[in-house]
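Both complexes shown next keep chain A, but they swap its partner, so chain B is in the first and chain C is in the second.
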Partner chain A sequence: MTTPATLPVTSNSDVVLVRQHVRTVAVDVGLSLVDQTKVVTAASELARNALVYAGGGRVRVEIVHNGIRRGLRLTFSDDGPGIPDIERALTDGWTTGGGLGLGLSGSRRLVDEFDVRSAPGEGTLITVTKWAR
Partner chain B sequence: MSVSAEAGRRRIEELLQEHQERVFKRWLQLAASSAGHGDRGDLTGQLREIYQALKQSFTDSGDLSDLRGLLAELSRSRARHGFSPSETAVMVFGLKEALYESVEADGSPEALRGFIWFSRIIDDLGLFTIESYAVAREKVIIDQAEQLLELSTPVVKLWEGIVAVPLVGTLDSARTQVVMEKLLQTLVDTGSEHAVIDITGVPAVDTQVAQHLLKTVVAARLMGAECVISGIRPQIAHTIVTLGIEFGDIVTKASLADALAHALRESGVDFVRRRTHVAVRTEER
Partner chain C sequence: MDRVPVLKLGDILIVSIQIDLQDQSVLALQEDLADQVVATGARGVIIDITAVEIVDSFIGRMLATIAAISRMLDADTVVVGMRPAVAITLVELGLSLGGVRTALNLEKGVALLNHLEGSKIASVTR
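On to the complex of A and B.
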């Protein structure tokens, strides 16, 4: 599959496919094994969030450049109910879905750049970037 | 149905009856060319049955259930022989072309009107063959997924009182459920007090996987067994720390060998070196 690519997230098996695709691209970008695992885990968390809280969404996977540095950018978007209180959602241990409450806050720590845009009723857009070292 | 449509339909029925040999021969010819290879005798038999069922369905006031059964059978058998669903559908559509030659020769407005109606039926039947193909395929996939679920979760006995579950692949809720049930049952059956959950084969540990693991460990504890999680590779350890997952007082080890050694120590088994040989060897993976 070429990049940029947009993958649907509508079932648990899609989450697995997203993970596999992100891993392939992460290897292409030249991320270290640790960074590959981190970005794959973040992708897994965010894709599952889109599935669990918004009933599905999509993710755009692309390679970005900053000077000579290459990076991997993932953009998760959904048309779900949105996040009413982003600050609170980013607190460790806060969950409305019965999970550990670390998916969103943990993902922020797993990547280099993290941006959430969301409003109630307007869906959620999360952009994360991981740069190769 | 209006009178003229009824007349058109009757005309088509007549054409299918009167020109039976010609239409059928042409259809067979078209179907055989689209099929390319395969057993021609077999095909003739199948098409003749379908042709008869089609005619029969018109006299039975449009009851297509027999015909659908035959088509489903055909679609399945052709799927087994490696035909794509569209090849099978094209074969069904061939009947339109075959009949059209007779309709053209007839030339009456009724026949042409009837042909439109006939086309619609054949289109439906063509789509039906694709659907049957998809259903058959889906069933295979579901069966395989279930088999995989069973296959991929063995619980093995490592030592008297020590069992291990080597996990491979993606851990979702369904699989964790199976793993947990099997592990707990094995603990009861073997009277084991130690369990090792090895995650060497799990490519990524996210919060969901971690939560499933934690629940399994707690459940095992409730039954009086201690769990050790092994196979935590460096990149996984890094990720778990960054995510902020806490394993609390659960014992974790880098390798299955370490976990086994730990469990043996806990259960009071000592190893003694016998001169130069190792009395009991724990095998490295």
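On to the complex of A and C.
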């Protein structure tokens, strides 16, 4: 698959495919093994959230540049119910779905840049970037 | 959906996760293991994650749940072979897996289970 690519997140097996594609591109970008592991883990969390809380969504996977630095950017979007209180959703342990409540807060710690846009009834857009060191 | 085989070796159940599991397979494994611990009366469970490239909060919770279930069924669980990058990521994600015993590899996992069983017997006869 080429980059940028947009992958669907509409089933549990899509979540696996997202992890695998993100890993491939993370290697291409030149991320260290630990950073690959971090960004794939964040991708898994965010893809699962789109599936579970929004009934599905998609992720755009692209390589970005900042001077000579290369990075991997993932943009998750869905047309689900949105997140009413983003601050609270980003708190460790906060869950409305019986999870561990670490998907959003933990993913934020695993990447270099993390941005959430969401409002009730307007879906959710989450952009994360991991830069090669 | 892929199903992970559960092997029985003496009174230890061994599970080796070799592929990238989707969530239903993770849940199925959790149920299979609980059933098997009861059915076999196993005293130990070893989950080998040597081949596992990431552990997210879903798999992390499965590991903790299996450990908790088997504890209630009088068995010990040891997770073996966690890659360093996985361990680093798990801690940063916020999952310390405090209740889960770990060992570097299968051999050390078996030794740990034998040791745990030994101290159980010792504390009964003491």
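General remarks:
The working rule: the second predicted complex is superposed on the first by the 133 of 133 C-alpha atoms of A that agree within 3 Å, B and C clash if a C-alpha of one lies under 4 Å from a C-alpha of the other, contacts with A are read in each partner's own complex, and residues count from 1 in each chain.
Everything below uses one rule, namely that a contact is a pair of C-beta atoms (placed from the backbone, for glycine too) under 8 Å apart; a residue touches a chain by one contact, two chains touch by 3 or more.
Please read these numbers as outputs of a predicted model, since none were measured by experiment.
Contact with neither chain B nor chain C is seen for A:Asn66 once the two complexes are overlaid on the shared chain. Legend: residue contacts after superposition of the two complexes on their common chain; A:Val34 is shown touching both chain B and chain C.
By the touch criterion defined above, A:Leu100 lies against chain B and chain C together after alignment on the C-alpha atoms of chain A. In the superposition on chain A, contact is made by A:Arg19 with both chain B and chain C. The residues of chain A shared by its contacts with chain B and with chain C are 12, 16, 19, 23, 33-34, 36-38, 40-41, 44-45, 48, 92, 99-100, 102-103, 105-107, 109-110.
Within the complex, the chain B residues that touch chain A are 170, 172-173, 203-208, 210-211, 234-236, 238-239, 242-245. Those residues of chain A that touch chain C in the shared complex are 12-13, 15-16, 19-20, 23, 33-34, 36-38, 40-41, 44-45, 48, 92, 99-100, 102-103, 105-107, 109-110. Interface residues of chain A, counted against chain B in their complex, comprise 12, 16, 19, 23, 33-34, 36-38, 40-41, 44-45, 48, 92, 99-100, 102-103, 105-107, 109-110. For chain C in complex with chain A, the residues that touch the partner chain are 20-24, 53-58, 60-61, 83-86, 88-89, 92-95.
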